[in-house]
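Chain IDs A, B and C follow the sequence of writing; residue 1 opens each chain.
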Amino acid sequence: MNARTTKLVAVAAVLALFAAPYYMAPFTITLLNYIGVYSFVALGLVLLTGIAGIVSFGQASFMGIAAYATAWSSALMGYSPWLGLVLAVVVTCTVAAIVGLATLRLQGHFLSLSTIAWGLALYYTFGNIAGLGAYNGIGSIPPVSIGAFRLADSGQIFYLIWGSLLLSFLAAHNLLDSRMGRAMRALRGGNTLVASLGINALHIRLATFVIAALLAALSGWLYAHMSRFVSPTPFDVTMSIVFLMMAMIGGSGYLLGALVGAALITLLKNWIQDILPLISPGSSGQLEIVVFSVLFIVFLQRARDGIVPYVAQWLPAPRQQKPLAAEAMPRRAQPEKGGVLMTVDAASRHFGGLVAVNNVSFDVHANEILALIGPNGAGKTTMFNLITGTLRASAGHIVFAGKDVTRASACAIARAGVARTFQHVKLRPRMSLIDNVLLGAYNRTRAGLFASALRLDRPEEYRARSEAIRQLERVGLGDRPYDLAGNLPLGNQRLLEIARALAADPVLLVLDEPAAGLRRQEKLKLTELLRTLRAEGLSILLVEHDMDFVMALVDRVVVMDFGCKLCEGAPEIVCADARVQEAYLGGVA
Amino acid sequence: MTSLLAIENVSVSYGKAEAVRDVSLAVERGQIVTVIGANGAGKTSLLTTAIGLLPCSGRILFEGHDVTTLDTESRIEMGFCLVPERRELFSRMSVEDNLRLGAHTRRDGPTAVKQSMAEVFGRFPRLKERRAQRAGTLSGGERQMLALGRALMAKPRLLMLDEPSLGLAPLITREIFHIIASLRDVGVSILLVEQNARAALETADFGYVMETGEIVHSGPSAALINDPRLIATYLGGNTSAKA
Amino acid sequence: MNSQIAAILTMDGVATGAIYVLIALGFVLIFAVTRIIFVPFGDITTFTALTLADLEAKRLPGTASMIAVLAVVATLMQVTALLRAGAANGIPRALLYYLALPLIPVAIVSATAGTLLPAPLRILFTVVLILPLGPLLNRIVFWPIADASVLLLLIVSVALHFALVGMGLFFFGPEGVRTRGLVDFSAEIAGTVVSGETLLIIGSAAFFSLLLYLFFNFTLYGKALHATAMNRTGARLMGIRPQQSGTIAFLLGSLLAAASGVLIAPVDTLFYDSGFLIGLKAFVGAIIGGLVSFPVTAIGSVFIGVFESFAAFESSPFKEVIVFSILIPVLLWRSYSFVQPEDEADE
């Protein structure tokens, strides 16, 4: 199915949907309304859990906050439901921001456990505030009115629900296709990479979290004015896990998965409610959740990725075309050759009793290639981590381009113009080559959440993509930019890291064992590339064990051993030094 | 005489991609056999399936017994050991505990295990210095040594090594290969997979060359090391194993 | 509040806390060997109490049918797996472990349920009946996904909890239960009267804490079990069978759950869904121990018990909110001292 057919099918589906109240039974319309309302929360979960990797067991609570906010304001206080919408969104997003700031620094399962914690805390809060009806809830919530027109019927509020849902999907789709979307995707897999690219992981997580809460808030508001009654029960942890089920069963990495999951679960729930009383009258209530849980467990055992990707594998993959060349992005001014770019002054780092780096000092001159060599355990990677801000020095100073960066975060140092690669390659294997490289260019683009959602970021995006292709071509990976990074052999993965680092337009390139795992031909090409970069004004600091590679390429060498600097100077001189031979090279120059 | 290890027509695939295609090789008692080849040639997949962590088609025979459907743990119990590419150490445990766990499958009593540990510390004095340290705090080379020591604690009859020199400095590379050569003298047969073709061929008795999943050359290592085709592709620029 | 009340609250809190200790130890044990955060632990505790109450009332406990059903399902799964792997010679063993052994207590209990047996026998039968629950659930639910990420295992755990609660209502009904006291004496400590029950609970908590601490930190077998969670591939390459380790962990876990259930049954009225709240509060204690240290877990759980005691006294309806909100700062504190390795992060 090519792009045109897909678009036609989509348009046809939307038209059929909007004509539904005219040809479907009222009960089906009510069912569709529920599916629509639940899809908002599921969509939020797709963004939060599927894309950003944050498993939340508390989304139903946000829905509850919004529902209660509008219930209080319209039923108990008598204001317009539209004011209720404003209140619901503001209160929910504020609570989300507070909870997010408190908990989003946690990682992995700790974060998910915290979502259970606040989900429960919020639930018990609803249930215990007498002013909100406690466990009896609030009834007689007025319907939404547009002007004089009251959306009291299921067929009327249908349009509000599905119209706003469609707009939300469009906005989410635009968001994922932008720099923000890439940053969100990059969150899965640990913070070190993200920080080294100059991306503030906490900000991105918070933004995603609040967006998911916002979607849940819309859901809560619509729910309140659709069913006209709220109580704590629909917003407890059980419901949260049902929402999680919807997102995962649909296919949590895909926006459409939210809709598919919501539809499936709602229909299933409906069907079970019909069948169970026939099988086991009197106990159908508790068996319903058992059936759901068992189904969910079987699903997680067998088909974790969900339905949409399973179906998608039968559709022909969309052909991705190489982006057209666009105007080049502005570049940093490189410092003048000969000056000192970076000074490491008596830097030390210890881990408890172990001194990994011991009072090491050296300079990196502008526009040179400097190699850091030494035996394993000499402290080379620790030194790199100090320079790039991944670790903080216990003593000493590091000055980069005139600024003291000893206490600076990895994020700040990356933004100042230092780009690095890692000893154990860090990429996002499920993202394409071009997306991985575009992560490097994150700080050269500006578009924020709103601009991305409204698709106002296109000109900047095209320039960035063109730049990414250019860097991929430079390292020799330009012919298949839409392949997944995880499928590359190790040598090419190292080259991809370099392309990503170059996309950041750095002043200093810090490479940790760039030639490890490369074949002879590939090492020669890499040497070529690094020489070209030096000629363009870049400065390069690298760690390597391949002495032929080092000798052919670098200007100066610094040797480390047992955390201390052993000696420094031109490669031939250093390699002939007796101490270096004894400690590292083993007697053969 | 049956080989210690015989791999017959083994193929391994990941989904649609075939990592190993119809490979056959043998390791005799008292031999060091090496499989060399570039990154992505399928060498790691070969070892992984030999130890049972991956399914394969074909047959794997250890001392004449067909172990193709046997689980990994049982193969370890038979005296068949692997030091994997990623080492798989228990980073939060001490060096000493890692070594002790290496002897998990042994049935010959605590004194014999203590004796083995003393031997391992004898071969790797650096590990002895760090015996109470957490394995995660060791440097790259020390971790390699620990992984090797841990495998030796099981008193294996056949030891498979996946890229022992990966990421190591020239000096340590030499040490490791000396140790590998000396293992042959104590009755451990070795299957060595390596990118550093020169060091591997200098240490081994017999070699196989793997490219994109298939064996393309084989022969006594003395012959391979002088083969002009190999010199051009694989032997330039590697650290030698000889001091 | 005067010191008299404070003393009573503290004693109460320590007693509740000691129950939490047993459950928290179970959480840490199972996580330390399998990386599963076993949310349904509290449900097994509750089922134990409900089973004991049924035996006391001369009724056949619903547990018997539950175990029978699970045993059959597990056996079928194991036999199918063996046939598929071409290892049919393992079938007799599978039948023994997954079918025969769990059904023996079921048979005994079914035969004797109508009579009122002496208390020690009732307790023994309860524990033996509950014991297979952990390993059976492990086989059915977690074995197929044993190498999944911690997060996925957590999601499955939560889903399993809901299934168990539903089954609890179905098999046991909605009434709350409280069993007869286990011991009769009481003692006076620091001016307050402490019941024998409380002393028994505290004693058990201390005993199990010490036992597990010694086992995991000083025996090679304990370290081998722990190694399975640290690095599954590494453990396999040492000849340690992760599946076996998991079964043992769940068996020990069942034992702890059963012990805590027997001890809490006379002290508190339990319903089919009490397990979640009890488990969650114990869980805060387990997190305080970083899901790895038994002694700190024990101390943390006692602290939670005392804290809850005082919180309930000050503002009863919001005590749940307070206790759950405490989990967040504890998680934050623990995450700083428990740096997760990068490779663990979900890709």
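Assume contacts are C-beta pairs under 8 Å (C-beta built on N, C-alpha and C of every residue); 3 or more make two chains touch, one makes a residue touch a chain.
Nothing here was measured: the structure is a model prediction, and the numbers come from that model.
The central chain of the assembly on a C-alpha centroid basis is A. The greatest number of inter-chain C-beta pairs in contact is found between A-C. If you average the Cα atoms of chain A and of chain B, the two centres end up 38 Å apart. Centre-to-centre separation between chain A and chain C, using Cα means, comes to 36 Å.
With each centre defined as the average position of its C-alpha atoms, the distance from chain B to chain C rounds to 42 Å. Of all the residues in chain B, the ones that touch chain C in their complex are 51, 53, 69, 71-73, 76-77, 81-82, 84, 88-93, 97, 100-102, 104-105, 150, 154. Only residues 38-40, 137-142, 166-172, 174, 195, 233-234, 236-237, 239-240, 243 of chain B touch chain A when the two sit together in their complex.
The touching residues of chain C, when paired with chain B in their complex, are 85-87, 220, 223-224, 226-227, 230-231, 233-234, 236-241, 341. For chain A in complex with chain B, the touching residues are 351, 354, 374-378, 423, 489-491, 513, 516-520, 523, 545-549, 583-588.
If you check the complex, the residues on chain A that touch chain C are 53, 55, 57, 102-103, 105-110, 112-114, 116-118, 120-121, 124-125, 128, 188-190, 192, 238, 241, 244-245, 248, 283, 286-290, 292-294, 296-297, 300-301, 304, 429-430.
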